[in-house]
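Chain IDs A, B and C follow the sequence of writing; residue 1 opens each chain.
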C-alpha cells in the first residue's frame, strides 16, 4: 500500500516531513526527536507523526533510502538490496602512492625521529596539520609523547605498519643519506637552513 | 571645498590604519613591511576622496601619482627581486608590463567579487560534510612502497632552491639612510639643491629611494620642497630653524 | 504532476534508481556517472536515465532532499526551504564570510591553479600567506605538489569542496576571464597620456 502523494501535498505535517528529510540527509549522526523538533521549531508529537509518514515512505523494498531508528535517534541508511553496490562504492582500490605532502611529512618523521608538527612545518615551509592528520588516520605515524618532558607539542613517530608498507625490518634499514649529513641532527639543520631560503 | 591634502589622506587598510604620511614614515623606517601594504587600497581611498569634490584636483593627483609610483616601485623590488629584467625595461615596456599586471589583478578582483556574490546566493544550500551516520567504514589500503622514495624526497627538500640570490637585492636596493646623508651634506654646502641634478646618473630604484629619503627629511622638517608645476624641477632647500613652514607643493 | 509511483515498481530502471538513491545517501562526496555505473554494475546510459527520474523526484518544492549536479558529480543536499531549520542544527560549510584577501586568493587559485604563494603575491601585490593558510584550513584549497619538479615552492589548487560550497558543476562554470575586468587598452591609454605630458 503506497501513499507517497501525502508527502507532496502542502498540508503542514507534510511540510514538516520535508524539513525532517532535509535535516536527516545532511546529518553525520543520528538525530533525536528532540533535536528534530528544536531544529524545525515544531512540536515533538508532530515530529513523531512526520517520522511515521517518512518511515512509511523510506522503507525496504520501496526506496533505496531507508529511515531507521537507532540508539541515538533517527538516520537514513542504504537499503539492503543495494548492499552489494554500496560495498563496491566503499571498497577503495589499493592506493599506489602517497601525495607529495604526505610523502614529505612521512620522510621527515622517518629520518629525523620523533618530531612535532612545528618541526615538520619549518622544514617543509608550509603548515603540516592536514598531512599529519592524514598519516595518523592511515596508521603510518602515531603520537609519541610530548616535547620538553611532557609540556610541549605532540611528537610523532612512524609505526610498525609504516615499516611493513615500506618493506623495512626497522628504521635503520632506511636508505642512507650520508651525502646530507652524518646524523639526524645534521640533516635536520641542513633541511631547516634550505627551507629558510626557499621562496614562500 | 578644501583641497585634498595627499599626506593627510586617511587610510583604512588591512595592514595599516591612519594618515598616508604616517604610512610612508613607517615604511621608510622599515617598521612596516611594504609587502603587506595594499597599494590598490590606497589608490581607492584617494579616488574616493577625489570623487567627493566636484572639480578634478590636478595638483593632488600629480602629487599622489609621484608618491604611489615610488611606493609601487619599492614594493615591486621587494616582491620580485628575482625579476632582474624588469629593471632593464625601457619606460614604454615598463608601462606595458605594469598595465598588463594591473589588468590581471583587476580581473582577479572581479572574479573575487563574483565568488562573493555566488557565496551569498548559495548561503541556503546545506549539504553533509563528512560520512553518513550509517555508512560502511571505508578502508584505505596503501600498496607496497619503496623506501627509496623517502630518501629521494629528503634529498629534494635538501636541494638548494632555484634562483635565489639575496645579494642581488642588497645591491639593487640601497638603504634610505644613504640618501638622507647625501642630501644633508649637499644642503650643508648649498642653500638650494635641484632634485634631478642630485640624482643624475642614478638607477630608477635609487631615484625612488632618494625620493623617499626626501619625504623623510621633509617630515622631520629639515628641508622645504618646492615644485612650480607638475613635472617641473623639484627644488630642495634647508629649512630655517626659526621659520619652519608647512610643506608646500604648489602648482602654477 | 507527480509520479512517485514509478519509483516503486519493479521495472529494472526503477530498481537501478533505488540503488542509486542508496549510493547517494551514504556517499561523502558527489558521485560521477562513472562511479555510479561502476558501483551499481550497470550501464552509463541507464544510470543517466535513472538520474533523470530521481532529479524529478528529488527537487526543490517537492522533497526535503534535493538531487543536484555539483563538483563533477551528483549529490543529495537539503532543500533550500529547510535552510532555516538546517542552520539551527548545523554549521554552514563556510560559516563565516571570507575576507577580501581570501576571496582574491581563492579566485587566483581557481583560475590559475595550481599556483604557489609567490605567484599569488605577485598578482595581488600583497603577501598571501595568511589567506592561503586560512583557505587550506577551510578545505577550499589544498596542496598539489611542488614547483620545479619537486624542489620549489608548494603549489595549491581548489578542492571539490570549493565547487560544492559555491554550487559549481565544475571550474569551467566560473565566468570567463576575458569577460571580467575592463580592457587593458584603457589603462594603457591612460598611462600613455601621462607619459606624454612629461617634458622630454
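Rule of thumb we're sticking to: a contact is a pair of C-beta atoms (placed from the backbone, for glycine too) under 8 Å apart; a residue touches a chain by one contact, two chains touch by 3 or more.
Please read these numbers as outputs of a predicted model, since none were measured by experiment.
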*Averaging each chain's C-alpha atoms to get its centre, pick out the one most distant from chain C.*
B
_Based on mean C-alpha positions, which chain is nearest the centroid of every protein C-alpha shown?_
C
*Would you kindly tell me how far, in whole Å, the mean C-alpha position of chain C lies from that of chain A?*
20
*Using the average of all C-alpha atoms in each chain as its centre, how far is it in Å between chain A and chain B?*
43
*Where the centres are mean C-alpha positions, what is the separation of chain B from chain C, in Å?*
34
*Listing for chain A: what residues touch at least two other chains?*
22, 25-27, 76-78, 86, 90, 100, 124, 198-199
_Give me the residue numbers in chain B that touch at least two other chains, ranges are fine._
126-132, 134-136, 153, 157, 159, 161
*Write out the stretch or stretches of chain B touching chain A in their complex.*
126-151, 153-155, 157-161, 164
_Residue ranges of chain A in contact with chain B within the complex_ = 22, 25-30, 68, 70, 75-78, 86-87, 90-92, 94-98, 100, 103-104, 106-108, 110-111, 123-124, 137-138, 140, 165-168, 173-177, 179-180, 187, 190-191, 194-195, 197-199
*asked:* Per the contact definition, I'd like the list of chain C residues that touch chain A in the complex.
replied: 2, 4-5, 7-8, 15, 17-23, 25-27, 31, 35, 38-41, 62-65, 76-79, 81-82, 85-86, 88-90, 116-118, 121, 127, 129, 133, 136-137, 142-143, 145-146, 150, 152-154
*Please give the residue numbers of chain B that touch chain C in the complex, ascending.*
14-15, 33, 35-40, 65, 75, 79-80, 91-92, 95-96, 98-116, 118-119, 121-132, 134-136, 153, 156-157, 159, 161-162, 230-231
